[in-house]
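Note that the chains take the letters A, B, C and D in the order they are written out, and that residue 1 is the start of every chain.
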Amino acid sequence: MRPYHVRLPERKGQRVSQHPAIELVGIDKSFGAVHANKNINLKVEKGTIHGIIGENGAGKSTLMSIIYGFYQADRGEIRIDGKPLDIRDSQTAIAAGIGMVHQHFMLVENFTVLENVMLGAEGGQLLAKGVSGARKELKRLETDYGLDVDPDALIEDLPVGKQQRVEILKALYRSADILILDEPTGVLTPAEADHLFKVLKVLRDQGKTVILITHKLREIMAITDEVSVMRRGEMVATRKTAETTVEELAELMVGRRVLLRVEKGAAKPGKVLLSVKNLTVKDARGVTMVDNVSFDVREGEIVGIAGVAGNGQSELLEAIAGIRKPASGEILLDGQPIANADPARLRALGLAHIPEDRHHMGLVLKFEEYENSVLGYHRDPRYGRGALLDLKAIQADAVEKIEKYDIRPPNPRLKTANFSGGNQQKIVVAREIERDPKALIIGQPTRGVDIGAIEFIHRRIVEMRDAGKALLLVSVELDEIRSLSDRILVMFAGKVVGEKTPDAGEQTLGLMMAGIAA
Amino acid sequence: MEFYDIVVSILGSTIRLSIPLLFTALAGLFTERAGVFDIGLEGKMLAAAFASACVAYVTGNAWLGLLGGIGVSILFSLIHGFASITNRGNQIVSGVALNFVAAGLTVVLGQAWFGQGGRTPQISGEARFSPITLPFVDAMRDVPFIGPLYVHVISGNNILTYLAFLAVPITWWVLFRTRFGLRLRAVGENPGAVDTAGISVTWLRYRAVIVAGFLCGFSGAYLSIAQSAAFIKDMSAGKGYIALAALIFAKWKPVPVMFACLLFGFLDAFANFMQGKAVPGIGEVPVQIFQALPYILTCILLAGFIGVAHPPKAGGVPYTKER
Amino acid sequence: ADIKPALVYGTGGKFDKSFNEAAFQGAEKYKKETGTDFRDFEPTSDTQGEQAIRNFASRGYNPIVAVSFAWTSAMEKVAAEFPDTKFVIVDSVVKLPNVRSVVFKEEEGSYLVGILAGMASKSGKVGFIGGMDIPLIRKFACGYAQGAKAANAKIEVLQNMTGTTGAAWNDPVRGGELTKNQIDQGADVIYAAAGATGLGVLQTAADNKKLSIGVDSNQNHLHPGSVLTSMVKRVDLAVYNAYKDAAAGKFTGGIQTNGVKEDGVAYALDDNNAKLITPEMKTAVEKAKADIISGSVKVHDYMSDNSCPM
Amino acid sequence: MSTASVPLPNWITYGLMPLLNLLVAFFISGLVVWWIGEDPLAALKLLIEGSLGRGDAIGFTLFYATSFIFTGLSVAVAFHAGLFNIGSEGQAYLGGLGAALVALALDRYVPWYVTMPFAVIGAALFGAAWAFIPAWLQAKRGSHVVITTIMFNFIGAALMVYLLVNVLIVPGKMAPETRTFLPGGQLPKLDWLMAWFGLKLGPAPFNVSFLIALVMAFLVWVLIWRTKLGYEMRTLGISPSAAIYAGIPYGRTVIIAMLISGGLAGMMALNPVMGASARLQVEFVGGAGFVGIAVSLMGRSHPLGIVLAALLFGILYQGGADLSFEMPNITREMIVVIQGLVILFAGALEYMFRPAMVHLYQRLKRA
């Protein structure tokens, strides 16, 4: 392993060698049946900030983890500074000067910042020797980059933004020349994100190479030198940022020109069906995630909630769905208070819920398809009498839904895990919509779902609206929100910061989502 | 008998009875801090007791006996590691399985080799760790208060007893003052952090279970060639589980582990002392109450009524990157 | 006549150096004398005892000796199933015509070793450590206490039982710990009536340079110079006689009670403990023996009224 | 490529792999036998003859199997709800108390078939009661049920010894056990069932509780795969987060699953206590609760698999007893070794052969 810090000379923009910092040749990776990276080729030039964009599940994290030695590619070659390097583990990657900030932080929560930074680079068998050196080095990094954190604070006591700093410090402490950041801004406030970008620019100007993964095209345009686009496991294009446009990138990312406009007429809103009043929700650590939020959803309308991931939308949905107990506030369904009802009772009252994460919540992947088609409704008298389940009735019902929603393969006895993502989502959607609920709350309805299925699901959602149901939609895809919603609420830092109509420009909404304008 | 003499006698007994718990609980501390649950402590202790007695009997050397116990105990640890680290099997199931294998194999082999119903022959002399008399015992004997304590509690134990108490600060030092300890604690909380720091999770956890095997070797040897003078079937008699209870009771911290083991040893010693004696006003207290007390205390602790015990976060979960 | 003898041990195991080993010795002696081999079995749990006895019976073994009271109900069942097979149970009574029940007057043997303990003790305190807490073991304790008091009226007898289940016969660690307790309390002679647990008692006494008393078999050789004597219970004779009687066609059922008079219980004196037994002690214990035989001394049997006058 | 997510057909997952695991366990046991200088094949022959060779041998085999069906079902029911109940041993012990109290109370007044239903309820109730506290602690306080059930095994043993030694013992008797039940408190033997197959039961204590065990196996099957409660338990067992989403109450489901598990374990006591020895004895469970873990793992937590695995372990227990009788060098503890190895290979190492299987299967499919 390299000594834990080598101070690099200041090399403003100058190229040391002509080789790219990283070159990937024919990288291929499968997880079982999922082909996450298909024959990827990529060059990242030294001293640049290289953006990588792509939809959820496109394979970005997988590719970066391969470079960092966290996963091993099934095929292909990685060249660092022109030389092929067999990266079998992260140790090799670290030794080659690669540092990575993972999408999900890799920190030991009950350790101090200092311990986390030192982990793996302790500088000797005994801790005592390394500690003072590490303290000094942290101090230096703090002054050089303005990355200040208390070295003796416990990670679990730090806010996420600071935790991310620790991750960056970890990489810098190991004197990484190539820094990979996987969706770093998803958890940052705009101010924090701006600060991060300043740091990245300083790093680049020192000759380091940065790879930045993000969903946000604005960020790509603002900071990167080059940008590569991934779609469904493939690397579809690389562009100089200066020579491309947001529109082109969007098209490359989703593989078609403009997003489908959902055919729908004007909404005919009726009486208020779902009403949220002064709702506050806290997470397990007691941090306020939803802050005094109030709004109504009427019959016959779709209310969309826009916002950057992590601004409280998930918690809001879960609170309404009875999965999370609100700290305070009221939720009314058709005038009835439901803030403390459990999900089973909410279903009985006519509130259906398409959860954000089908694998984690919406489905039991080891169940057969028909068993999932009644999840949550299994106590309904239609599916059995007394204590017993009526499997025949359930299967007949499942077959009906399979036909109606064109779920493939049309086999109710197939294990749910063996359906593709899009078809799995259809199973969930069919179950929740076909119950004919009064109100439906929907999280990320089309995450990781193909275009055909997106269209189908969107159409069903609009049909529900036209049938006079109240729908609440949460999605991090602004386009989806804009094309489906009749009204849009924007959430930022747990608060609803404003309401717009779908005609509001992307710009306006984007600014609101960033907490800049209301 | 003077009250103070009773106290001294019970304390001496407490020490002797808590040593196997202490070694074993420290062993558990290492694996569980590394995120590998180990119900198999009981089996390792038993297997080590058997191996120690066999080797000591054959070679006539207690130290070789200890070595034999350590070797077998580490072998069991490696099987546990192979199942739960390499093959990502269920750690509890693996531990339970090893307890059975140890309980059965010791008797099967013991019977086959010695034909004494699973017992090893009695061992004596050099083959056994005998009590050591510390210097100044005679001079101290008549010193009031401290004297009896020194003579009957501090002196007169075998070498393994002193090693057990030495193991406590060493464990603390290793866990909190060395690189190995830092990494070990980290891997029990978030193996991903260790992995991405360029450290092999597998090898680290293997080292943790090997250390546990090493320590269980001592507890086994203590049972068969220090505390008694032969292996007897099932001689661990649930001590592995009590050690586990002590570990939980001590919230996975070395010094509290020592006190928890002393407490449980004391309960045992006190039960022995109280046996057949009547408590004024209550009458004879059933020994079963003392026998059950460590378990009851542990349940109360687990229920969070006296401070919640948080096990290492990644404990019990095999580390997988690819789903 | 040729016989096919079998032997079922108690759960302490064949080589407990005590009760079961005595039974084994008896069978070995018969084998040596007659050349007739025997089959034996060591059950490790209660359910196994019954199966073993039945296995022997159904395979034509005869006579079948089962040592330990633990097989009482098993014997009741199996002996009834095989009325033509001869059975012997030791330490318990089964009232069937084809069963011989051999019981011992342990109180008498314990009385004798109690006298030796009382005389050998310098501290005026002697100890008793029993195995499982059952009337049979209290009987040992009671006889011992009577003997010790007879030798020294002011003597204090400390008593402990190892446990309340079968595991108490096999727990030398606890045995040792209880011994240490008694030593700490001042006892300098400790009598173990605890099966394999007694090994821990004798060991601890030797480690602490105190005297101990063995039980059932002659255990004097285990720690020469530390084992004062042993209360020998002639289980070996019970086994040996059963085989011999059966071979000679003289096997009888019913209850056989063996006391000092019948030489069924005794104290052991051999080279290993010769130095520990002073002439005065020898005289005293021999006198007690004679008194018991003559009936002028009557040792109270705990099991006769479930109480001990001490 | 990782093989973890490649699906395999059921006949491999539920047929071939357990069989393979079992074979490895047996192979290693054979090595142990060979190591101690005996002939493994001869031993195997004795084991099979001793367990299946005669009517009474089969009777004993089925007697042991009966206990293992109960404890296997007990472990499996908890397992389906994602709980690892190591406490079947203690729950069975307490169940014995329930059965014995019923038998002692009724045997003088009524025939066995009147006593039986009450005894079943008594045994189940006491077993369930002993599972309740660990269940409650898991449900409401988050204490890990594995640790608490282990603790409760020991607490239960202490309690039972206390009761037997101080309360239930027949005064003056040596062994701490209750009085012998009259026929009204005994479960009759199944001689007639054996006679159907032309076998003589002899003294083997194969009794009516076997039929109760089979009924329970069927009921457990219905519970797990045909009832709403079973559906909820399985959901919770596979995906706790999906269970929350579906509104399945965690606490209630955990407690009910553990109560059923404890009840099944408790019923095991009917077999030895009322079916065989007709009295309550110390340590009568004799490890059957732990065998239940092996049986459940081996049987892949399916009642049919459990019945088959229980038979296998019945063969091991009876055959092993006979084997140790014929070959004194191989003690009965050999079956404990085999049991441990089965748990190791069928449980902890169940996926050891999976990658190889996947490769083989894929090659087969391609060919």
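Definition applied: a contact is a pair of C-beta atoms (placed from the backbone, for glycine too) under 8 Å apart; a residue touches a chain by one contact, two chains touch by 3 or more.
Here's who's who by UniProt: A = ABC transporter ATP-binding protein; B, D = ABC transporter permease.
Predicted model only: the values in this text are computed from it and were never measured.
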| item | value |
| --- | --- |
| Most remote chain, CA-based centroid, reference being subunit A | C |
| Interchain centroid distance [CA atoms averaged], subunit A/subunit B, Å | 47 |
| Subunit B and subunit D, separation of their C-alpha mean positions in angstrom | 30 |
| Chain centre separation (subunit B, subunit C; CA means) in Å | 35 |
| Multi-chain contact residues (two or more partners), subunit C | 42, 44, 164 |
| In subunit B, residues with contacts to at least two other chains | 107, 117-118, 233, 288, 322-323 |
| Interface hub residues of subunit A, defined as touching at least two other chains | 31-32 |
| Interchain contacts, given as pairs of chains that touch | A-B, A-D, B-C, B-D, C-D |
| Residues of subunit A touching subunit B in the complex | 1, 31-32, 68-71, 89-95, 100, 102, 104, 106-111, 115-116, 118-122, 124-128, 170 |
| Touching residues (chain side subunit C, partner subunit D) in the complex | 40-42, 44-48, 51-52, 54-55, 58, 69-70, 72-73, 77-78, 81, 92, 133-136, 164-166, 303, 306 |
| Residue ranges of subunit B in contact with subunit A within the complex | 176-183, 185-186, 189-190, 192-200, 313, 321-323 |
| Touching residues (chain side subunit D, partner subunit C) in the complex | 60, 161, 165, 171-172, 174-176, 180, 202-203, 272, 276-277, 279, 281-284, 286, 321-322, 325, 328, 331-333 |
| Subunit C-facing residues of subunit B, complex | 1, 5-6, 8-9, 12-13, 16-17, 107, 115-119, 122, 130-131, 152, 223, 227-230, 232-235, 237, 269, 272-273, 275-276, 287-288 |
